[in-house]
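Got some structures for you, see below.
Both complexes shown next keep subunit A, but they swap its partner, so subunit B is in the first and subunit C is in the second.
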Partner chain A sequence: MNRWSERMIEAAIRFSGFVSIAFVVMIFLFLLTEGHALFRVTGLTDFLLGRNWHPISTPPQFGILPLLLGSLAVTAGASMMAVPLGIGTAVFIAEVAPKRLAGILKVGVELIAAIPSVVIGFVGMVLVAPVVREFFSLPVGLTAFTGSLMLALMSMPTMVSIAEDAIHAVPRQYKEAALAMGATRWQAIYRVILPAARPGILAAVMLGIGRVVGETMAVMMCTGGAVAIPSTLLQPVRTMTATIAAEMGETVRGSPHYNALFAIGIVLFLITLIINVTADLVIHRGRRDSP
Partner chain B sequence: MSARHAQTIAFALLALSTLLVVLPALFMVFFLVRNGLPALSAEFLLGEPKDGMRAGGIFPAIVGSFCLVVGAITVSVPIGVLTAIYLSEYSSDSAFTRLVRLAILNLAGVPSVVYGLFGMGLFVYFLGFGQSIMAGALTLSIMNLPVIITATREALQSVPPSFREVSLALGATRWQTVRYAVLPNAIPGILTGVILEVSRAAGETAPILFTVAAFYLPGLPQSVFDPVMALPYHLYSISTQVPNISAGMRYGTALTLVGLVLSVNVVAIFLRAHLRRKRRW
Partner chain C sequence: MNEGNAGKPPGAMAGPPRRTVTALEAAERVSGPTPLAEAPETIVEVRNFNLYYGAFQALKNINVKIVRRAITAIIGPSGCGKSTLLRSVNRMNDLVPGVKTAGQILVDGEDIHGLGAEPVALRKKVGMVFQRPNPFPLSVFENMAFGPRIHGTFRKSEIHEAVERGLRAVLLWDELKDRLKASALSLSLEQQQRLCIARLLPVKPELLLMDEPCSALDPLATERVEELMQEMKENYSIVVVTHNMQQASRVSDHTGFMLLGELVEFGETREIFTHPHDHRTEDYITGRFG
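What follows is the complex of A and B.
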């Protein structure tokens, strides 16, 4: 291969480093260009804290508080189930299960992660929602709780595999030292391994929650879609993601409604950005502290 | 309570939480197979939808998903592999590299529906592709860049440094080293990443909602600027927007989608296991 083509390839390689950065910046810029026009119609406070989302009434109202709270309700519900179960499963796979079983479970978790969200939403609709309705004797089964159940299932694989990595990365000597001092395996896990793996586990939880906040299809199909500020988890809600997905098809490009959906996109982008950057910082701080 | 008892109880709880993670998923798959299998037939898989999608088959949706997957891979694999080569072989641990890593992390975290918005803004309107395979595949390819980059990077880093040292010591340039000493040994790992992208691109709905997906479009696409039906969007539409449809149509579509995605993943897992066993170093 001659010098010239080699230089071309090296230039392409160096350039490709910029591509990912460029895409992140471009995503944000596009959301901003299409979304900022909303703020000529609605103030930022009215947008974030307005209690009414009536995008097609006259005059339209673009308050996303019910949508924010809808996302919050579903996320909180899912986290309450997924965090303890996810960490428990990660500990079981990393420290308790025999090697062969651990291998099978890891593959299983990977396969759960691969199930498309629209399929999870479908099962939530046809299988879980009727059960929720019967069990709590509700008028409808499509509630924030139903969505939380499905999202817990979806976010657990993320949590399990990242937390499992973190537990695995704890130096073996820690555990061996604890066992040599006469600790039981559980004492070694609880008192030594888990504290050492804490930053990684925390990051796993955050990334799992990030996934829940951004999840769209399952949530749209399972939570009923009522735009109302929820007072319990057993009410239908509408999340930010579901609102974008459900309403974008009906908007006219450049209308305030269209702009408002992009503005919701900006909010979502910023929330997940903050979650991801914080999770990264947590992992890195953890690495610096540990010897 | 003695330490032994505490351990027994704790381990039982951990095993229970694992069961609570795995069993619902197993049950879900079982449920789809039991209800969906009777609906699968040659006519269903290879026929066109009829009667407002209440009868007939899902062939156009399968073809549409196939086009999207091929398009997404064609774009993201070269870019992703080059980025991974840059990160693993060319960059030092600088602030810029840290920024690239952070960008990739964020690309992985951006919600899928936000990719949909971005793809609509950039490809459908700004670049004027309209709702088309082109716009959808490009959106999916950006969304899946992190998958390819991460897999390739891991594969490159698992090649021992001595391979590079030997090549450089023999007078090869940096690119020759990457090309002839490192990449050939990383191909299997890269392939695993590509397969995972296939499954993800085939299963995503939100990014294609506003960029490609046609509600009902019998017949097959003629060019990359045509809209297509796609399996995940088809499942969404017939589950929520088509009343009085037979349950079999829905379960059959869901099972086809899950079956395709999971079998692609199983292939990736076997490939990875096989290659780990065969590794020569």
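What follows is the complex of A and C.
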């Protein structure tokens, strides 16, 4: 009897484990089946490096370079802001802030994750965009930079909480040893604690960036939606995610346009997959090094 | 490393009968290194020192003088305050919330709690070795370079020289000179503990505090670290906390016995272990408790 229930439970657990893998595989297969038909119309190079995204003109053009670069611009902009700020916040919470303040800050940063992205997009559109327009005296405030600002905010919870955990997990003895040698608090943080927490911090950065790449609603609302190769962050752009979300409703199922949107999905999927796998490898390499 | 040991054979200090603590009271502070046999010099003086963790009094009116260029052992059962006393000398207890102290500790004649006294400067002078070897999770080289770097030495040649000199002093250079880039965590525990001692040396401390430095090591490694301590006392003053009484009797010149926050007895090691004055010391060293 006991043996039987053991086996059932084991089977159930194994099943749940496989289900999640199965979902990933199935989603990828689905993207492939729906997307691959595009390549009968457009070559892979024309797709990835084509400069024109004109899905409904005749003949349609499915070059996603502007979208790729739009995503890249927004992601790079967001990372440049979020990475230093996020790591700084994590260090402050883990090492510097008094306990009470650290607790409040931690909860506060994690609350950002509770804000629906459409609300963040709304705030960006109505409050931040006019400020950006005024400040840089631009014709429009909805730019890659505006989107980056909002995305930086959105990636903070992931980045800060993972980095903070990593810093917190550095054994106290390292810090003690550093201080006992006459290091100042900053020297101990900079020379010992941060290097010791590096794998976790890298993972935090990667996962934060992964969050930024995949974000849709906020960027769609804040970046202006112009399909153009950006030369600065202060121009309107359109990301891959925003393109899929905005155009999926108007396509005819099975049309090249429809296939092209799925092909963009494949590209996005691969990018986030690479980022997450890299983060994972980095975390595990860190674990193997420590005793 | 230092200048004062010229012509002095190793182990010379264990030989001739040394003056007792009372005699030390009269000893003058001499500037510059002086052979110990002629003028015992106090490096640390603890005066009426009390320490509280919140409402709990961990150290009760401690008075002691630690002799320069000698090994002083502090023994006593767990929780008697010996580590607390040790960590008071380099103000590591500052890191513990709720700690209050009263009384004075003088290192080199200067009150470490006095106005303008900086823990950073104090800890440069007073190095600490911990119970569990705690090399930084960096390479051997980076561990050794940490001290010079935090104290303002950045020139490569100087750092390289300091690394080599430090490792040589703890007899690790030959073992590790080809592995300077290896992670310090890949070393054996004994090598790690030696490295932890070595990385203090480039900072040029005068006093080394060792908090049960051998408790994580096997007997052979313990013996070798003890030998190292014997060698190092020619250039450094060492205070070692241990609950291993054999270790105290083997390595130290002076021994203090602590119980429940009090320093019960302090004197020459031989005296403490053969003719203890206090019956509590006798009970402890004969194994009646602890």
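Everything that follows uses one rule, which is that the second predicted complex is superposed on the first by the 281 of 291 C-alpha atoms of A that agree within 3 Å, B and C clash if a C-alpha of one lies under 4 Å from a C-alpha of the other, contacts with A are read in each partner's own complex, and residues count from 1 in each chain.
Convention: a residue touches a chain if its C-beta (ideal position, glycine included) is under 8 Å from a C-beta of that chain, and two chains touch if they have at least 3 such contacts.
Remember, predicted model here, so these are calculated numbers, not experimental data.
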{"item": "Fit or clash between subunit C and subunit B when superposed on subunit A", "value": "fit"}
{"item": "Touching partner for A:174 - first (subunit B), second (subunit C), both, neither", "value": "second"}
{"item": "Touching partner for A:155 - first (subunit B), second (subunit C), both, neither", "value": "neither"}
{"item": "Subunit A residues touched - subunit C or subunit B, whichever exceeds", "value": "B"}
{"item": "Which superposed partner A:187 touches (first subunit B, second subunit C, both, neither)", "value": "both"}
{"item": "Which superposed partner A:79 touches (first subunit B, second subunit C, both, neither)", "value": "neither"}
{"item": "Partner chain(s) touched by A:259 [first = subunit B, second = subunit C, both, neither]", "value": "neither"}
{"item": "Partner chain in contact with A:196 - subunit B first, subunit C second, else both or neither", "value": "second"}
{"item": "Closest approach of subunit C to subunit B (Cα atoms, Å)", "value": "8"}
{"item": "Where subunit A meets both subunit C and subunit B, residue numbers", "value": "183-184, 187"}
{"item": "Interfacial residue positions of subunit A with respect to subunit B in the complex", "value": "1, 6, 9-10, 12-14, 16-21, 23-24, 26-27, 30-31, 33-34, 84-86, 88-89, 91-93, 96-97, 105, 107-112, 114-123, 125-127, 153, 156, 160, 183-187, 189-190, 207, 210-211, 213-217, 221, 241, 244-245, 248-249, 253, 261-262, 265, 268-269, 272-273, 275-277, 280"}
{"item": "In the complex with subunit A, residue positions of subunit B that touch it", "value": "3-4, 6-7, 10-11, 13-18, 20-22, 24-25, 28-29, 31-32, 79, 82-83, 85-87, 89-91, 96-97, 99-100, 102-118, 120-122, 125-126, 142, 145, 149, 173-176, 179, 199-200, 202-206, 209-210, 232-233, 235-236, 239-240, 247, 250, 254, 257-258, 261-262, 265-266, 269"}
{"item": "Footprint of subunit C on subunit A - complex, ascending", "value": "171, 173-174, 176-184, 187, 191-192, 195-196, 289-291"}
{"item": "Subunit A partner contacts - residues on subunit C that touch it in the complex", "value": "90, 92, 95, 119-124, 127-128, 130, 132, 134-138, 146-147, 149-151, 183, 185, 196, 199-200, 203"}
